[in-house]
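Scrolling down, you'll hit the structures one after another.
Presented sequentially are two complexes of chain A, the first with chain B as partner and the second with chain C.
Right, the complex of A and B next:
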């Protein structure tokens, strides 16, 4: 079989990245090509006249056609729409996630193009991600508020971050087997997640000037930020709102993966409808196990419990020793119960009386906060066909404010 | 000790170290093996728990033998259930024989607040603490006015000079600590923080 002479085609066919070994060529063509990115469209260079080949030869013509195709692909910063149907990776991802057949692979390919790779809003996933982010946070927050109606706000923020935070979404994209492209470009397989990486050495966690946040006195160092004010001024995770990154900047792999998962949620909603989106959310987000009771961190549990009992008109909580062993030994164990009247509110075991009492107060407080009604329904379930009439969700005073 | 009393009463043959060395080569090996087998078998012959036996006359039933562990925090106490919750009626009521006041208290003194201090008393507390902070510490004031040291701290604050002196005293004490004591104190603090996270 006749081998293709790569060096003769290199000026038009090969991508600049593949040619970086050849320093001479880099110098020759550096005026018209960007080496770090394949995103730059190639200038229409004249066909090399020295190729003295026979154009009737089908083998040569095939190469010429593929070269032209490749050249047309290189004109765009992201893969063209036609490439999606030929990508095995994309079809495999579609099948692996068991996506609805109404969601075409072309849209799936679009969800894999980050705004940093292709700034054109018609071809990147930014709009889909906005929709998907709203859906994800709506479904998660309504689930949390209806399932655990008494949760403190800080715990809700932490649970939201655990369910649909960028770290979780990035981990999900990794579990789904979404590979990252080394650099975006029109010639890249559309099955790869394409984004422009941040330059090496940049501080990702550097404090940016929060010009986008609506919070007054956001830059004042000693200004008090209450938890309640986070509902109004901050995002759904209780973090300050950051503006969108500048068009020329890259994004981290975590951000790009999270944006992809959000965009996929949005595209499932658009193509397959609300029930499919809800199912996708339940199967991929809600199915992840999260122990809400681990998210609590109290500073004064006994005091909070006393406040709670006073507020709810219960008898004053009293700590009583239920059982103990080895009081005079090196490792004593005390079991302390907290009683309000004749009812036990919580129980805790510890190596000292103080520890057991604190743990008992803590378990009593968690018992209050982690109350979950029977037959939980979320507001979005009313959109289903033949839904029974809505009964109001449980709402009470909830959090103990001290 | 029970074993030391029982051992001499055992038959002579079961104590092989008292016999000459040639005897165990003949018969004792197998007999010793048999007796230990019998002994282990006897130990295992304990009376099973009632729930394990076929005592339910062929009816289906659920065996519930929970291990001793802390109760789940997802199990809301009856008192915390809202009045319209169906679980209130389902749970068994506390038995009448149980009385929480019979159980011993964690703290020895469990006195109620007396609310006996007047505004003039509070003025005097503030004056005393500001005038002579070294004599009138929180605990001394609490003892004199028959209230808790916490109440003194709520009512008034120590003067800045007193705070500065107290800080220097604390620093002087801590400067004498060695590595062991310092680490033990830090560990204690970490353990205390772990309680609040329920770890």
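Right, the complex of A and C next:
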């Protein structure tokens, strides 16, 4: 009862443009309709404009034509394909990002249209973003696993989030100089990022019920979630998988910017091929600075270190004072080293013996976890032409479980 | 819980990988009749096409501003704007002003006192009084 059923058959009688927004019809016919710039506009032209105008005057005709064009653009949710070649903003963005010339500006314009702005999958960036997201997470995870084979899983999740998380991708889009459109529409310059904004007053962090996680007992309170189970049931950042947002819903600027960067990665891969996509990834994402040793948050480092030494058949770790000053003063400093037999595993300085010992254990654990083999190769490097034979990468036993 | 991961964001190092030009738009404003815009009009017709060809990463806008002095405005990636008035200037001088805006980072001008500014840790590390040979008192 929501929609007037009369329009379903009347649409064949009326001109194609007079069809109302029927999602099925829009999906079926929009591909052919979008390119018809000669089709009659939705409403007939106002009569007073045509009376007394000289149609041979090129200036008048130019205005009439641009008015037609504007009106025809207004009925689309996103800019038409032809508008991409006329956008100075888009061409400047293409050049600023050193995108390969094989990537046309039309595709770049499509990556800037979010699914919340144009629900038609033929014109929004959803499919490109899906491909780009898979590529980004694949390249990042293989880099992290090969470069730091001993990282604990929780730290890998954090590092993945730091490299290709939505926050980072949104910051990248901002640093690329991508402007956000106030509201999406067919008449908007295609150089703007177009998305429907979240209604004011909406709680963005509110827990949604449409969580599409495959995890059993996901809603059961106090059901223990192991870190290892996150590999199977959760996304690449260790978060529960959320379902796609409803078509009428808005998205935040951060989400839309992140989707744009993913879609751009996908379109570089599709148009310019794998080497160009790899180069794009290395130049824009891997080149950003991240100190992995800042991502660790130990609760009981001394205990973890004892367990690690037991597992690796090292001698028991012993903390020894290396040097100290001002034990009875207001600011004592102790330097404590942790030794396993004759080998010093770590060293730390602190204002109390306990603090110094904690720091020493921490540095010993980080020294273990942050081991990085020399001359690391990633599996995807085998896809290059003339790649040397693959040597197996270091695979570690895993983190210490206490 | 053995170890937790802390969520952060990677920091950009412009130029380490790709270099993103910081000036994203240049607006050229002129007056069709004003005498102070004479040089600007010559610049727009003669020099600007070449300038645009050499700098595809910058969006260029030319807009009349009747009854006012000619101005070049630069929009930057960090959201700031810089403007230079180019009244009574020759085209060659206007090009120099446009180059100033083009090459600017958009930040406020600040004095650099150290030869190197870096987010990387010092290779030598921080001096510690507790390590190395202790001097006898």
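Some notes on this structure:
In this text, the second predicted complex is superposed on the first by the 348 of 402 C-alpha atoms of A that agree within 3 Å, B and C clash if a C-alpha of one lies under 4 Å from a C-alpha of the other, contacts with A are read in each partner's own complex, and residues count from 1 in each chain.
Simple rule for what comes next: a residue touches a chain if its C-beta (ideal position, glycine included) is under 8 Å from a C-beta of that chain, and two chains touch if they have at least 3 such contacts.
Since the structure is predicted, the reported quantities are computational estimates derived from the model, not experimental observations.
In the superposition on chain A, contact is made by A:367 with chain B only, not with chain C.
In the superposed model, A:320 lies in contact with chain B only, and not with chain C. Judged by the touch definition given at the top, the superposed model places A:288 against chain C, while chain B stays out of reach. Residue contacts after overlaying the shared chain place A:359 against chain B, while chain C stays out of touching range.
Once the two complexes are laid over each other on the shared chain, residue contacts for A:89 go to chain C alone; chain B is not touched.
Residue contacts after overlaying the shared chain place A:345 against chain B, while chain C stays out of touching range. In the superposed model, A:337 lies in contact with chain B only, and not with chain C. Applying the stated contact rule after C-alpha superposition, one finds that A:297 touches each of chain B and chain C.
Of the two partner chains placed around the shared chain by superposition, neither chain B nor chain C is touched by A:119.
On chain A, the surface patch touched by chain B in one complex and by chain C in the other comprises residues 294, 296-299, 322, 349.
Within the complex, the chain B residues that touch chain A are 70-71, 73-82, 85-87, 94, 98-100, 103-107, 110, 195-198.
Across the complex, chain C is touched by residues 88-89, 91-92, 94-98, 152, 154-159, 161-163, 165, 167-168, 171-172, 174-177, 191, 282-290, 294-299, 304, 322-323, 325, 333, 335, 349, 365, 369, 399-402 of chain A. Within the complex formed with chain A, the chain C residues making contact are 1-14, 16-18, 20-21, 24-25, 56-61, 77, 119-120, 128-131. Partner chain B is touched in their complex by these residues of chain A: 293-294, 296-299, 301, 314, 318-322, 336-337, 339-350, 353, 355-359, 362-364, 366-368, 370-374, 394, 396.
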